[in-house]
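Each of the next two complexes has chain A plus one more chain, namely chain B in the first and chain C in the second.
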Partner chain A sequence: MSKPLLEVKNVKTSFFSHLGEIQAVRGSSFMLNQGDVLGIVGESGSGKSVTALSVMGLIDEPGRIKEGEILFDGEDLVKKSQSELSELRGNEISMIFQDPMTSLNPVYSIENQMVEVIRRHNKGMSKKLAVARAVEMLTLVGIPEPEKRIKSYPHEFSGGMRQRVMIATALSCGPRLLIADEPTTALDVTIQAQILDLMNDLKERVNASIILITHDLGVIAEICDHIIVMYGGIIMEKGTEKDIFYNPKNPYTVGLHQSIPKGDISGDKKRLVPIEGSPPDLMHPPKGCPFSPRCPHAMKVCLEKPAPMIRLNETHTSACWLLHEGAPVVGQYKKGGEILE
Partner chain B sequence: MRNYFLRRFIYSLFTIFLIATVTFFMMHSIPGGPFTRERPVPPEIMRALNAKYHLDDPLIVQYFDYLKGLVTFDLGPSFSKIGVSVNKLIITGFPITAKVGLLAVILIIVLGVPFGIISALRQNRPIDYIVTFGATLGVTIPSFVMATLYIFFIAGKLGLVPTFGLKTPGSYIGPMIALSGYSLSFVARLTRSSMLEVLRQDYIRTARANGLKELAVIGKHAMKNALIPVVTYLGPTIAALMTGSFVVERIFAIPGIGRYFVESVTNRDYTVIIGVTVLYAAFYVFMVYLVDVLYAIIDPRIKFEKEAG
Partner chain C sequence: MSNQTPLLEVKNLRKYFKVGSGGILGGKKSYLKAVDGVSFHINHGETLGLVGESGCGKSTTGRTIIRLYDATGGEVNFDGTDLTQIHENEMLPYRKRIQMIFQDPYASLNPRMTVTDIIGEGITTHKISEGKERQERIFDLLNRVGLKREHANRYPHEFSGGQRQRIGIARALAVEPDLVVCDEPISALDVSIQAQVVNMLEDLQDEMGLTYLFIAHDLSMVKHISDRIGVMYLGMLAEVAESEELYNHAQHPYTKALLSAIPIPDPDLTRKNKRIVLQGDVPSPIDPPEGCRFASRCPVASEKCRQVTPELIDRGAGHFVACHSV
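Moving on, here comes the complex of A and B:
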């Protein structure tokens, strides 16, 4: 097996506020191979964005990565200085964000902002070449009349177009990894579909690995090879798209599925089942499984001890006590599998 | 774009005209005149004086005479300083005032903006506390207190600079500090808060995520946005400083224009009052105009809105 492009090993990231330590990510491990698309799902505060920002080295004060390793192409990013990281950012690893309306600098033209990034990572490239490169990228993401539109300012673009510009900029230096943090959340539904189509299309063409972060399972199904479900700062379940969608082995993943409206034209009305309660307070994270206070199957042990990560097959792992030898049989949660930790 | 600036320019001229008109009629509506004294002046002399300066003409005629002068930049003779024209007063006094004011403005920009930025970048660290404390002092201590303390200690006790006048380069320091103290502190605070606000914006995170160097993130992406409110404040402030402060000129015995202005009010020296008022107003209006032009250069969104509207 070839070396993975990205390997995140037991990363813990906390924010040290005046009130105390907020443990946003409490041990996240996963890896990503060259060319793969990884989805990270979870609700607000599950630690998915902080995981991504940790990889980027963009954790702002008062936060920091407490422990763990982030190996990108074999090199530990946690140990790198900000200036070393800035050489990688936008070049080897790019990131696009949730709100395209505010993610571009309003006082500089698109050309100015794109050319700046291209020339930052291509030392000595002439301005003319950089502009040509920017225009090429804008064409790639489907901006009409790119030679003309590149002179525009961000406020002259719609939200969807701005996100295209963000993607074009992020890909302009040919990164090997693109992290997209809720890239469609702030957009209209029709535009969402367009942006997802675009990303789906680009993943073939630019041959970058992608980490797609979202709270919307529907978004992820279409393009991801692997999916990670996060909750309360830890990974609850990990698997291929098939594992997570058709064979979920964690009550939280199941809860997420049940709370998605199924567009059923037959008129077959089914009530949505919400997950009762709210996510844990990460300043005082629960002793046991973070989902246990909301879990319909919670047992005594769930409240007491963190669930072990259990390997179900080659690709599929889940952190749940129900899968442990000693647990009673409940629904689909068939016992068995190798206990990893 | 050009239309907008032209339109704004015409508005500015109109504003100055209005100010001249209002000042003219207000001054003339106050009882008494330039030649009224405590001991009554003999009526013949009064008549002769009034006739000499055309003060016996109907007010409306005087008004149009005055406007005629204004358009040709002839502000008329001073009533209290015999044989001296208002133009002459302005030409001798204003350059001195403007020079001190300009130095104060430079001090504000050169110190206020960088202090604000450093303070924002080192938020809640010792340097930030020092700057914030200093800026609060600067805003609260009145200029005359600062000037008096300066003269007492620096000029008097230590004898480092002359106590009054502008004879040596060193004697500019005191007036500069006293004049700029408030605005310098204010600009530092404004830059700090504006910078802190901008640093939280998404596009700053984008700039970092794109791997830009910290110098470019701050110096290019944050700076231009953070300076918009500072420019707004600086426009009128520059006008105010360049036209001087009577108090500071008085304390440091600077032969600027401020003194004439205050004297002219007590003397009902109509032409000096209106002349200086119009000069101040024109300067102010020009600075506001300049700020608007700068806005359009700094922030492309403003250009767009004004053109459309």
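Moving on, here comes the complex of A and C:
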């Protein structure tokens, strides 16, 4: 295998508020190869967005990356200065956000904003060339009559169209990594379908790796090849879409699957199986596994010590004590596998 | 479970909001037609789901039914009384019988009131009980929605989103309503919490014989909870049918597109699924054009669709569709 494009090693990011330290990400490790589409799924407060912002170098005061390395193309981003990072952002890594209305500046035209981005990253490019490039990008994301529409202001676009503009801008400098943080959450289902189709299409046509962050397993199922499940600031399970959807080996992942109605199953109304309790307080995270207070199979050790990350096969890892040699046999959680940490 | 007599019958309900004043400059008066001729019924003990995208008028329909807005036209027959015709003073007994649960559990609870005050307000207003009896009733309600006695004297900010939604539900149930309008009650909650609240709503329905109007945009959840579903588009109902029927034999082109747009949490299935992707966006509800509202995005629209508004017609077994091409 070639060298990974992105390697995140044991990253810990905290926010220091006047009430105390909020441990948003507590030791996150994963890697991404060129061309991969990685989905990070989790509920609010699971640390999925903070993981992405850490990669982008966008953690602001009072937050800080406390520990760990983020290797992009072999270089550690954590050690880079802000000015070095801003060279990378846009050029090499770019990001699209949930709310396309607040991410665009309402007082500048789309042309203005796109040309600014393109010329900022292509020193010496003429304005005319930059406009041509912007129009080309708008065509790519399916904006009709791009030459005309580029003169418009954000309020003249609908939510779905604005998100297309954001994607066009993010891709305009040919980044190698695109991070999309809940790109379709603010959109209606039929518009979400348009954007997901667009992203699926771009996945083939643009040679960028994508990290897609969402709370919606349906969206993940749609386009991701690799999936990370986060909860309480840590990675609970990692695997391919087959591993996570058809062979989950972590009680939290299983709980997530059971608590959503499966649209395809017709006939009898199956009762949902909710996960009882509520997510952990990240100011005082549980000593052991963050899911242990809500886990139906929690053992004494789960409450005491964080679960080890156990490798089940080449692609699939899960942080759960049930998979440990010493654990009793429970349901689908077959023991065994190499202990990683 | 549900018997076949309608508790609520909505006929040709309309709610227009005035936009643009007309004013001294003689500008044109325009109306935003949020709800434009909606008819449906809900039987005793039944759950009717109302789905549609933002701006389709589903929430306005709910709010007009409980008279948070005054209807522009049409009837809202609740247990034989047209609520749009009676005087505001006569509404009180009906406000007890129809309650609402709101979307945002943060904005819908007064931050200065304790849980006891929030839940007890309706009990006092409707003179249901007082003193010790009232307090017992509040404890009982807390218990029913999965909260504890000791929560009674706390303030909303001390609770999580899911717990707040439980408080909102206890408040609605405190006055023993017949009909509960649930306006996106789970949209603001995390996935693992949504199932808790949905299960609770189902249990409470069985225990207390409630009738629900369940408004939401999450179609898979709506299918799960509803007996029948109405699909709205731009202020009108496109299709109404029993849940299974609607999901398996949708007839309206909009319903078909909407259903195919739901991302299914199953990679093999969803990647095989041939999706109907609608072009364009929902048009503006301000002075909408004549004809079928969906015509501008419909893959099978004909000339007739752009001129004549299709009526919602029963196509057999209570499956109503408003479309010329069906």
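Worth a mention:
Keep in mind that, in the parts below, the second predicted complex is superposed on the first by the 338 of 341 C-alpha atoms of A that agree within 3 Å, B and C clash if a C-alpha of one lies under 4 Å from a C-alpha of the other, contacts with A are read in each partner's own complex, and residues count from 1 in each chain.
Throughout what follows, contacts are C-beta pairs under 8 Å (C-beta built on N, C-alpha and C of every residue); 3 or more make two chains touch, one makes a residue touch a chain.
Computed from a predicted model, the values in this text were never measured in an experiment.
Room for both chain B and chain C is found when the two structures are superposed via chain A, with no clash between them. Touch criterion met: A:P274 reaches chain C, while chain B stays clear of it. Of the two partner chains placed around the shared chain by superposition, chain B is the only one that A:V117 touches, whereas chain C remains out of contact. The angle formed at chain A by the C-alpha centres of chain B and chain C is 70 degrees to the nearest 10.
With both structures placed on the common chain, the touch criterion links A:S44 to chain C but leaves chain B unconnected. Of the two partner chains placed by superposition, only chain B is touched by A:D99; chain C is not. Once the two complexes are laid over each other on the shared chain, residue contacts for A:G218 go to chain C alone; chain B is not touched. Ranking chain B and chain C by residues of chain A touched puts C first.
Of the two partner chains placed by the overlay, neither chain B nor chain C lies in contact with A:E69.
In the overlay built on the shared chain, the residue A:D201 is in contact with neither chain B nor chain C. In the superposition on chain A, A:E21 contacts neither chain B nor chain C.
Taking all C-alpha atoms of chain B against all those of chain C in the superposed arrangement, the shortest distance found is 6 Å. Listed in rising order, the residues of chain A touching chain C in the complex are 43-44, 158, 160-161, 188-194, 196-197, 215-222, 241-242, 245, 255-264, 266-267, 269, 271-276, 278-279, 294.
Interface of chain C with chain A (complex): residues 53-54, 160, 162-163, 190-196, 198-199, 202, 217, 219-221, 223-224, 244, 247-248, 257-258, 260-267, 269-271, 275, 277-278, 281-282.
The touching residues of chain B, when paired with chain A in their complex, are 201-203, 205-214, 216, 220-221, 224-225, 298-301, 304. The part of chain A that touches chain B in the complex is made up of residues 56, 58, 82-83, 85-91, 94-95, 97, 99, 102-109, 116-117, 120-121, 153, 155-156, 166, 169-170.
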